[in-house]
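Order as written gives the chain letters A, B, C, D and E; numbering starts at 1 within each chain.
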Amino acid sequence: MTTSSLPRLGTLAVGGILAVTLPFWVGDFYQLHLAALIGVYWVLIAGLNLVVGYTGQLSIGHVGLLSIGSYAFAILVGRYGVDPLLTLALAGGLGGLCGFLLGLPSLRLPGFYFAMATMAFALIMAELSLAQGGLTGGGAGLPVPGFEAPFDTPTGFYWLVLLVAALITWMTWNVARLMWGRGLIALRDSEVAAAAVGVPIFRLKLTVFTFSGVTAGIGGALFASLQSYITPETFVFELGLFFFVCIIIGGRGSILGPFVGTVVLTALPEMVAPLAKLGNFFYGLLLLAVVLVVPEGIGHVIKSVMARLQKKGPEPKGLQPDIGRLAAAVRRGMEQDMQRDIQRGHAS
Amino acid sequence: MHMGTVNRPNQILLDVADLHVAYGKAEVVHGASFRVHGGEFVVLLGRNGAGKSTMLHAISGLIPKKAGRVTMAGAEIGAATPRDIVRSGVVQVLEGHRVFGGLSVEDNLLLGTYARASRGDRSKLDRIYALFPELAERRTQQASRLSGGQQQILAVGQGVIGDPRLLILDEPSGGLAPIVIDRILDVASDLCKGGMAILLVEQLVEKALRHADYCYLTETGRIVGAGTPSEIQSSDLLQRVYLGGAH
Amino acid sequence: MSTLVADTVSKRFGGVTALSNVSLELREGEIHGLIGPNGSGKTTLLNLLTGYYQVDEGDIRLDGEPLARSPVQQRPRVGIARTFQKPRLLGSLSVLDNAMLGGWCETRAGFLETALALPRARREERALRDRAEELLHGVGLGYAIHRRASLLDHAEQRFLEIARGLVMRARFILLDEPAGGLTEGEIEHLASIVTALRDAGIGVLLVEHHTDFVFSVCDRVTTLNLGRMIKHATPAEVRSDPEVIRVYLGA
Amino acid sequence: MLTVLVSGLAIGALYAATGLAYNIMFSTSKVLSVTTGHICMLGGVFGAYFMLDLGLPAPVALVGAVLVGAAFGLLTEVIAIRRVLARSDEHLWLLSTLALATMVQQAVGLWWGTEPRPFPRLADQDFTAGVLDQKYWLPIAAVVAMALGLEFFYRRTMYGKVFQAVSEDAFAARARGIATDRTRALSFAIAGALGGLAGFAAGQLTFAFFALGLTLTLYGFIALAVGGLGSNVGALVGGVALGLFQTLATYLFGGEYQQTIAVGLLMVVLLVKPEGLFGSKKVRPV
Amino acid sequence: DTTPVKIGWLSSLTGPLSSAAVAENQGVKFAVDEINKAGGIDGRKIELITRDTAGDPTKAVNFAQQLVLSEKVDFVIGPVNSGESLATVPILARAGVPNIIIGTVDELTDPQKYPRAFRAIATNEQWIGSANDYAIKTLKRSKVAIIGDTTGYGTSSAKKAEALLADAGIKPVYSVLIDANKTDLTDEMTKARAAGADVVMPWSAATGLLARVLNARGNMQWDVPVVGHPAIMGLPIKDLLNKPEYWEQTYAAGYSSTTYGADGKLPGPTTALMDKMRPEFGGTINFTFWWVTLGYDTVKIIEHAVKTAGSTDKAAVQKALENTQSLKGTYADYSWGPKQRNGFPDSGIVINKANTFKDGSFEAAPH
């Protein structure tokens, strides 16, 4: 919601070029695989970030929506031979629909209730995928086909993921910086204030939650393809927790922060074997440390470091109304209002 | 800087010496010293943000002090817990009608006696109800359902029922009807006559001074003047403090 | 002329009758004071006008259109803004963003339009930003536009809430104890702002215990006691009314 | 069929106990701790550890389990709650308790093993007693004792009100001479002790199993939400209702949709009565 | 050529169901050490690269990618659990790396799709089939109650069991899936009895569930045999039983390699390995020893493959394994063929009596 500055654009450009050219300079294909996995996770997390980081709705069960996208992709492409790219879109649509249906009752619930409802949803999805063996292969799971050329190689798949991730990131960035972002943060910080300015609370929550369902569905399809085989055990509850933790550690109300969180939390345990052994203990410890030490998250730390770099002098104080300006602005507003009414009157 | 050398009758009850308080790195009270004598009605005046509430919170042990001595009836309470400070007879009514919204009016009042009687002292209720009849009418009502002003009255009642030796009132007039402000200040005066010392922070300077025995002026975390109400009113210090730049 | 009317409204909470048969007409281009003892129902009336509570009896009308059943979120759409006894702001956002939030109802761009940053979304954003900046300078917060709202002091928060209501293009703005905790100087600023709003044609409802302020700026004053209206007249008449003096002003 | 009812009652008692523990912690902090189920898990695991690995007699082990529970409750408050509440950001406590719960579960898994381990008999009774078996009535008795004890505690002291005052406005409570940190720690310790007791009493039913915690956290919460947050009667009724409902559903339709059914129950109740069966409505908004 | 032979070992050393993996790991490590001490395979040392997947399929996929793409291993052993194996097998197949399979799920092998995946362990079908055979032919029972759990493995095994029974013309009188952590099974067992079951067949790897089946049976004083998953013989079960005698009349598929003969002795190779490894276990063996033999054999199979192929060339290794007949191992004798990827012989399975656990091995069930 702040104006972009030149250094910021520069960083963005360098980051973009690095990301696009990654396959050419990365050490080996394993690292490319990791990069693709990060991208896939990010597709989901970027959408979830609007729900958790901006709207303050603590969904810890997005893994359930992820599994829907995954199974949809595996079944449609694997069994019915639907075009993978088309299925990617279909998976997004299905994820959105399920997000909508899940949100419809649960978004009315207050904080912790909602978190528990999403957790229960993840468990229910696991139950269903086991019980509906005819569709999902039950416990044995399903093989997942890859994409067609040019996305059938690790490099091609990586670029596909990158494209989708970039698109979704851009969309969430737009949402966050424009009017909707304010509305979402208003829901998070003060529902009373939100209602007072006319923000339709439930509709907003439902909209972003549905959007996060779409990204989860798309992410799920990509995830399944990357995994090449899915079983109910792929979609453990801890994975949902992981998404959530990425956002919190990254920092609420920021896009860069959760992205950094996703990268670090995905890559670190793979790179540092002892951490992998500790598994969830490590995530727990990290989460606790962040909550206690930097509750605003990595994103906030980055921001405040930047702010310190471009520090200005002491801030001025002292209310001094400018009545002339005020009256002029109010009058102008009223006139525009009247014109609008008149126009609307003509139209109707 | 003290103007008057007026005779302040009784023994020193509360003695604050060279108090410094900081929020994080920012110090907002820079060495304030003042005294309240037994049975005295003292008013602390100063503009918004001068640090009055901060001083009071520090006295009550609600926020840490950076430096300075606070004694109550000769006993050092600078490092004591809020609980011990309340037990030593200092009770503060916070600004901004802070009551326990989920509890009933009566339970709120009983909590005012908790520090001294851990099972609640019902015997004092009637006196409060007599002082504040609007509370009597609503004794079983949830405090959060009271209007803002009614909550403020309840907060004052909660302080009074604790039967302190020193009652600290931080802007009790906030959100009150003019007539109720007068009543509350009268009640404070009466309590004072009954032997309870009062330390009042107030924006309504004239009303406050009408009841006060002694007055301190604060500015940006310092005490910049003191004296009896008439001394204060006859000097131009008051004007300067409220218009800024009294140094 | 545009009016916001409470027509013989009553409101009960369990056994307590907070309001009974109270009527009030707020006209555009007028400052209307609402005073009364604590618990006399002022905030309740304000809550009825802004939709936080539903009326038990009577009606709320805007320009003759019934409004009583429309929800809170609907009021800003028809031009009714309010401020709170305790300011409700978004501490993590800048002052400008807080003010711009007031423009929610005017923003036509939907979610997808915004996500794809289509021209209309960007255009609306620019227009709103300009307008909010003007109004912030107008209420005197120009120096703090990019500050986090959580860093504002009490008075600044109050003024920001008013600016937010103005960004909303409110035709009526209802202020709940706006002078509470303000210094004399700040109250003067407040008075000049409120007067400017009236002169620009906005209707202002002022719920306030700071009687000097009320009597100096209001065009008309309504007094409540125990949920009933006891006096409705000019400031001078209300001020000298024996009943008002008895229950509210004191000697 | 009788065994179905009794075993439903027994597991429901455990849910109810978890719900009570939630309530106690909630009453001073407005925090719904994710560690609540883990407290019961620790009661079971440590009870088994004391008796089987250390060879202590049952009463000593009971005291030990209760103490471990209380210590963990205390730890939760000190580590995950105190600082977080001081910062007063809405939901940070959810994260900190989640973190602690994850760590505890993983640590117990590493130390105790991820397989369920046995919990010894407490009373001398043959295993053929059917519905009269101790594994059923011990948890039921424990939760009844807990409820009575709590009721007595709240009735005879002002703690109920003090707890609530602390949860609503800790700063103002301190101004009234309430030692808020200590009070909150006390409530967490009590919740921990009672949770430890419940986990111990249900040990034969659940075995000493590291992953019990998260399940109980969920079902205990559902029980509480159904019964009404903040109400102890609600926790009891909700727990028993959920236990019976679940066991009956499994009995009639098999276990494939166990969670779906439990959550379905919750959703229905919340949609009809958002504050739960015995909960109280929200207070004045502005 | 002295470059090391790189073996990737995807093990779930932590997390739920880690006990099998830990035992297998001992066998694997022992075999590697033994071969390396003896100079390696044709002079090439073995380099073992172990990755702990904690049973999580996503981690398993990552590590599988890492092993083949970064570490460029010559072989992969594992993973242990079916869920993770299902996910890694196609990846390893795509990379063309020979994979020694130690999961039992039938879908893991397929000569067309996964030509280089060779299974060493018995299949689920072999386990279930021989248990069914035992219940029907030896015990002469026909009214079967099947109990599965709601995990992936439990559901698919229960389904398989039903299918195999159907082939034998038997429809179970009672069949149910239960949450693996359900606290009490009295009602399910009561229902099974009411349905007239004369044998109970639990297909679940969850220790708690299996113990509760036996406890419920004992508490009800129901005299019915239980024939089921090998986990029901494991030592952890013993501790969870209300009474030791509840373990009577309980049978499961075991292996001839870890079954005491009529003379009270274990087969020669097993005894030999046990004696060699005993110092590592410090005397008695308190886990099912066949996990160790399996782990040991996986490395020996690789040794055989490299020796036969004369290199670690992947195609040559595939050829070598495809032409392996009756390779003598400790756990079993293995034969694979061009169309056969399951190397474990039917004859290697013996039904064991659960409560005869001694030194990690069992007695044969009565005939």
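Here is the rule we go by: a contact is a pair of C-beta atoms (placed from the backbone, for glycine too) under 8 Å apart; a residue touches a chain by one contact, two chains touch by 3 or more.
These numbers were taken from a predicted model, which means no experiment stands behind them.
Trainee: If you take the chains that touch subunit C and keep only those that also touch subunit D, what is left?
Mentor: A, B
Trainee: From subunit B, how many touching-chain steps at minimum until you land on subunit C?
Mentor: The least step count works out to 1.
Trainee: Quick one: which chain's Cα centre is the longest way from subunit A's?
Mentor: Greatest centre separation from subunit A goes to chain B.
Trainee: If you tally contacting C-beta pairs, which comes out ahead, A-E or B-D? Let me know.
Mentor: When A-E is set beside B-D, the one with more contacts is A-E.
Trainee: Taking mean CA positions as centres, which chain lies farthest from subunit D?
Mentor: Of all the other chains, the one whose centre lies farthest from subunit D is C.
Trainee: Could you tell me the distance, in whole angstrom, between the mean C-alpha positions of subunit A and subunit B?
Mentor: 50
Trainee: On a C-alpha centroid basis, what's the spacing between subunit A and subunit E, in Å?
Mentor: Subunit A and subunit E have C-alpha centres separated by 41 Å.
Trainee: Provide the C-alpha centroid distance between subunit A and subunit D, rounded to the nearest whole angstrom.
Mentor: Result: the chain centres lie 33 Å from each other.
Trainee: Rounded to a whole Å, what is the gap between the Cα centroids of subunit A and subunit C?
Mentor: Centre-to-centre distance between subunit A and subunit C: 37 Å.
Trainee: Taking each residue of subunit E in turn, which ones touch at least two of the other chains?
Mentor: Those would be 14-15, 150.
Trainee: Going by the touch rule set out above, which residues of subunit D reach two or more other chains?
Mentor: Correct list: 110, 256, 258, 285-286.
Trainee: Going by the touch rule set out above, which residues of subunit C reach two or more other chains?
Mentor: Answer for subunit C, listing residues that touch two or more other chains: 43, 84-85, 155, 186.
Trainee: Residue numbers of subunit C touching subunit B in their complex, please.
Mentor: Where subunit C meets subunit B, its residues are 13, 16, 35-40, 42-44, 85-86, 153-155, 177, 180-184, 186, 209, 211, 247-251.
Trainee: Provide the residue numbers of subunit B that touch subunit D in the complex, in ascending order.
Mentor: Residue list for subunit B touching subunit D: 60-62, 81-83, 85-87, 91-92, 94, 98-103, 107, 110-112, 114-116, 118-120, 142, 144-145, 158, 162.
Trainee: Help me check something: in the complex, which residues belonging to subunit E touch subunit A?
Mentor: Of all residues in subunit E, those touching subunit A are 13-15, 51-52, 54-59, 61-62, 65-66, 68-70, 81-84, 86-91, 94, 105, 107, 150-157, 159.
Trainee: Which positions of subunit E touch subunit D when the two form their complex?
Mentor: Against subunit D, subunit E makes touches at 14-19, 150, 176-179, 181-184, 186-188, 190-191, 207-208, 211, 215, 218-221, 236, 239-243.
Trainee: Which of the residues in subunit D end up touching subunit B in this complex?
Mentor: 157-158, 161-162, 164-165, 168-169, 171-179, 283-284
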